[in-house]
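Here it is: the structure, laid out below.
Here the chain labels run A, B, C and D in written order, and each chain numbers its own residues starting at 1.
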Amino acid sequence: MYQSREKEILPEYWYNVVPDLPEQLSPPKDSKKDTSSIDMLNRILPKKLLEQEFSFKRREKIPEEVMELYHQIGRPTPLVRAINLEKKLGYSGKIYFKYEGATVTGSHKINTALPQAFYAANEGVQEVVTETGAGQWGTATALAASLNGMRSKVFMVRTSFNQKPLRKQIMEIYGAKVVPSPSIETEFGRKTLAERADHPGTLGIAISEAVEYALDKGFKYLLGSVMNSVITHQSIIGLETARQLEIEGEEADVMIGCVGGGSNFSGFVFPFISGKAEMIASTAEEVPKFTHGKFGYDYIDTAGLLPQLKMFSLGAGFVPPGIYAGGLRYHGAAPALSMLVHSGRIKAEDVGENEVLAAMRLFAGTQGIIPAPESGHAIASAIRYAKRDPQSRKNIIINVSGHGLLDLSIFSRGEK
Amino acid sequence: MYQSREKEILPEYWYNVVPDLPEQLSPPKDSKKDTSSIDMLNRILPKKLLEQEFSFKRREKIPEEVMELYHQIGRPTPLVRAINLEKKLGYSGKIYFKYEGATVTGSHKINTALPQAFYAANEGVQEVVTETGAGQWGTATALAASLNGMRSKVFMVRTSFNQKPLRKQIMEIYGAKVVPSPSIETEFGRKTLAERADHPGTLGIAISEAVEYALDKGFKYLLGSVMNSVITHQSIIGLETARQLEIEGEEADVMIGCVGGGSNFSGFVFPFISGKAEMIASTAEEVPKFTHGKFGYDYIDTAGLLPQLKMFSLGAGFVPPGIYAGGLRYHGAAPALSMLVHSGRIKAEDVGENEVLAAMRLFAGTQGIIPAPESGHAIASAIRYAKRDPQSRKNIIINVSGHGLLDLSIFSRGEK
Amino acid sequence: MKPRLIIYLTLGFPDNEFVEDFVQNIPDGIIDGFELGLPSSDPRYDGPKIRSTHGERNHFSQDHMGRVLQTCSDRKIRVNLLSYYSDIENEGGKNLQMLAGLSAHEMIVPDLLIDYAEVADAFISSLKASGISLIPFFNAATPDKVIKKYVNETDSWIYYGLQPSTGINVPVNIPEVVERAKSVIHERDIIFGFGIRNGGDAAEIIRAGGHGIAIGSAIVDDLAKHDERAAILKISEYREAIDSAV
Amino acid sequence: MKPRLIIYLTLGFPDNEFVEDFVQNIPDGIIDGFELGLPSSDPRYDGPKIRSTHGERNHFSQDHMGRVLQTCSDRKIRVNLLSYYSDIENEGGKNLQMLAGLSAHEMIVPDLLIDYAEVADAFISSLKASGISLIPFFNAATPDKVIKKYVNETDSWIYYGLQPSTGINVPVNIPEVVERAKSVIHERDIIFGFGIRNGGDAAEIIRAGGHGIAIGSAIVDDLAKHDERAAILKISEYREAIDSAV
């Protein structure tokens, strides 16, 4: 999509922030003595992805086929001046939002699902497997697989599986097989169920099942966040934003996004890292990884199959409450993002459920978009910012990572 | 939205086909002997809308404020080359689709809700009222009212109200009051309920309640389809498409859309009416207005409060089956469209549920978009067309009038 | 040019005698012509006001029509007739033969170009053969092509409806309507009718370039009350309004 | 220029005697230097192969290190040491003082610029004061700014890791890695190590412009089996590969 002239906005290269970081990123750490969990990645990740994961090239060429797919799924996504929101807040500056909900799967997750699936298909893989919590990542994976002619399998955290039948349905329409996790399809799942037959599941368990399944069947496993390569793919958000602002003749003064694993936020702000823009990472009060987490090595997954990363974490064993914003429940955050929060370049703040729901309503009533609850945090933080100094003439740029059309039920609980 | 350069695509004028029709449109007919149901429109419709309804200017200037709102809600919408679908079908020509689901409310309905609400607000109205069947029109009205600082009230057909809680929820988030119809809030509703307490409701009854309510309270009533002015507003679809095709260096050979009241289809094709493109109107097999309906005067609403129009109709008393595509259940079709179908300029064909569901799956798996079930008819007709002559090099242009994210449940019934 | 004022009467309304007196008594010079409607059983493009004047068809008689036409002819008041094609069709052209012998040589058939477009050419020819010109009736809904075709096929003045039908009072932007009509119709007089609510509307039409106006619904209430004076007073006011608009 | 070949050995692995014999027996001219790793209790940037060579720290003795360095010095084989900063820190600089008296004047500290960036400047100064140059260890993850800073603050050759750590064998585009390194590092020799799997890789590095290679994991299995011949044979093959790549 959409117009030939929009090719001016869609970049030809992804951007990897690592060569421009103030300090060197700590490498992933093997958790075991005699085997390498990093080497194990060779078995479950597409080769090309793994190469990207560790090559840290500042510019990574977007394959032509992926470019075409990006067009097809709705890239470039719009950068919208939120005029009605500005008015409602009485804010003197401008507020823009980058709208990742405009992609066909409804969130930024497709930005990385497409290249990952493309690389996998290119290596002759017939099926990809992944896990999903809130459902956005599973949805993106299912479509990306379908567009690349592969089957897909999604281990979906059982509580989500039960609460979000629409998510399951959309994945199935895209051709995915969706199983509630813990499942009886993996040893780890069977073990977990043996211990507790009605286990509600966690993302950690689902990841472990997906990885085990991929190893077992020789399929490839796709990852939705945290890893460097994922964040590199997501840089398309910020790169487009930069060109769109240029076209508008504007600069970013403040950039605000939400953080689950850190992919949408990092993809959004990293292309601006060398500039002067203030950057605010908004997290859920219930999962306060930056404000209450520890900066150090921790596991990506609960079962510890994947390597450890140096990041802010609440502990791989952290059991998050079943909050409205499923995508923000992850215990850690991407290493490069963690480093920049640690160094103070990026500020972090926590927002609670009521404030987020109110912000979502305000945004819906003024801009017409029902944001994903995850994105609601970014919006709430932006509203806080604008209200703190309504006379400010700063340009606030928000990343609205997804729409919330399949999460409308959250409005029935909490504040009315 | 979205980019300043997209202003090249968004037209400055709506187009009214009437001055370019081959024959003259029959005027609306008063149904009563001593009062004028046409004059009654003065009391319930915004003045400016009524002027547009009967002035038939070829070019109608889009007010600047509406233009800005169009940008905010996602216009221009994309015209997408459906490359993956082409491949899947082995079709030698090109297939494009205009994607009205990209608007923030998810369908073309917002194109007319915005100017109607703007005109109402401009006349000092505090509240607007309408009916909704499938929910798309109510959603558009609710947002349009909110964006213009008005309250809104939606009489929602009771079966839909019960079956589509998400639709109700989204309207409420936009600030609308949603009541199931028949309701106790109008005399007509009370009368209907007195006759049958568990009445499931029909669009006809809901219209009657909304009109009565508007007359009673001095509010304005917004209409979602059928009327000339609505179709004029919807011309923005075709006008954008024309410019987008021009930019692509392509011409439309075949244009295909679905018909409920006729607004999305007419808005899509009318700007091309003087050209040579073949035009196909796709309707539901269960509501075969063009193939089995009569071309003559009939009521807009079941209660006969509104004037009669000369159109294809299955009879204002036609009780449609509770089909998957709620937006196609209307008994009639806009007069100008009916005339052009009658004259043979526009072809019509019926498509049944199984074919539509299969087409929707194919489209979702190739293009990533879950279309509205209404739009599924257009897609099914396009697939039929492409399959009939895969060697053809004709450009097929489909109007995908909305997304189906809030209608996913239809996939659980019917074919698997 | 002096703007033209045409008064619509339905034959036989409120009764034959009143109509015959009215055309006799109307002062010289205040109007430019009468448009005489043949009562219709289905005056479907008329609003409630005019519809009420059609009443029962048996109010009407050929003799009555003859007398009215004779008076107008004597008084040199131009006359055109108005009949729905649906009635003409029902009566198998009886009226037509009758009309051929009369002094009204112009005729409006409001539904002809809309609902009977397929027979319009033939009908216009047979009118011509009887020495009668069709006054094309157009309005905002008439496509450009249709206007051009019938302007070509006829030679009388043009009747252009402001409102889609009589008795409807939807908001109308008069200058735009007149401008549109004049942009498609060249070198022919255009008289505007349907829904002229007051002198202000009338004057606006003339100022925008219209050649005249036709009034109907505006005097129906007076006619119904047999109040000739009030009707004539109202007509004079329209006269004044358009004259002073030039 | 003749490409350089550096062989990594962990001191004390598989035992002191073997290492001492090995540096004595390696044929003249096939290598350009040894890199001698001080066993670490937490060799966390190493993969399982090298990790296994660190084993228990008590394999190692200062005497052993002294003998190995002496042999190399006698044989005019250039030597650099490798030690994790975490160990240096734990031992409060004991090693450093010891090293100052030895003939190895170059040292790699793989975790220094990553996990101890805040003390790196001070440490480099104190190394200098002891007559030891830091060989900066960079890899694909090292930011440009960091590379430039430490290239400026040092004067030895550069060690550049192909893989993020040893023992990882993720797919690597060798020409791209070499090109990136050379685009940031000017006028200094760059030796590539970490994850060179075979002669093909080695040749590719040289062809792409690398000044030399460092080999470690590739011979660990032979060393573990005390098979000196096999290890030396493998080293010769690398030698041949890089020489014929020029």
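Quick notes
The rule is simple: a contact is a pair of C-beta atoms (placed from the backbone, for glycine too) under 8 Å apart; a residue touches a chain by one contact, two chains touch by 3 or more.
Everything numeric here is computed off the predicted structure, so don't read it as measured data.
Hopping across touching chains, the smallest step count from chain C to chain D is 3.
Considering every other chain in turn, the ones in contact with both chain A and chain C prove to be B. If each chain is reduced to the centroid of its CA atoms, chain B and chain C end up 38 Å from each other.
Between chain A and chain B, the centres computed from C-alpha atoms are 35 Å apart.
Each chain gets a centre from the mean of its Cα atoms; for chain B and chain D, those two points are 72 Å apart. Checking each pair of chains for touch leaves A-B, A-D, B-C. Against chain B, in their complex, chain C makes its touches with residues 44-45, 47-48, 51-52, 113-115, 117, 139-146, 163-165, 167-173, 176-177, 180.
Residue ranges on chain B touching chain A, taken from their complex, read 1-6, 9, 68, 71-74, 78-80, 83-84, 102, 104-106, 110, 143, 146-147, 166, 169-170, 172-175, 244, 247-248, 360-361, 364-370, 405-406, 408-409, 411-412.
The part of chain A that touches chain D in the complex is made up of residues 18-30, 32-36, 38-39, 41-42, 47-48, 50-51, 53-57.
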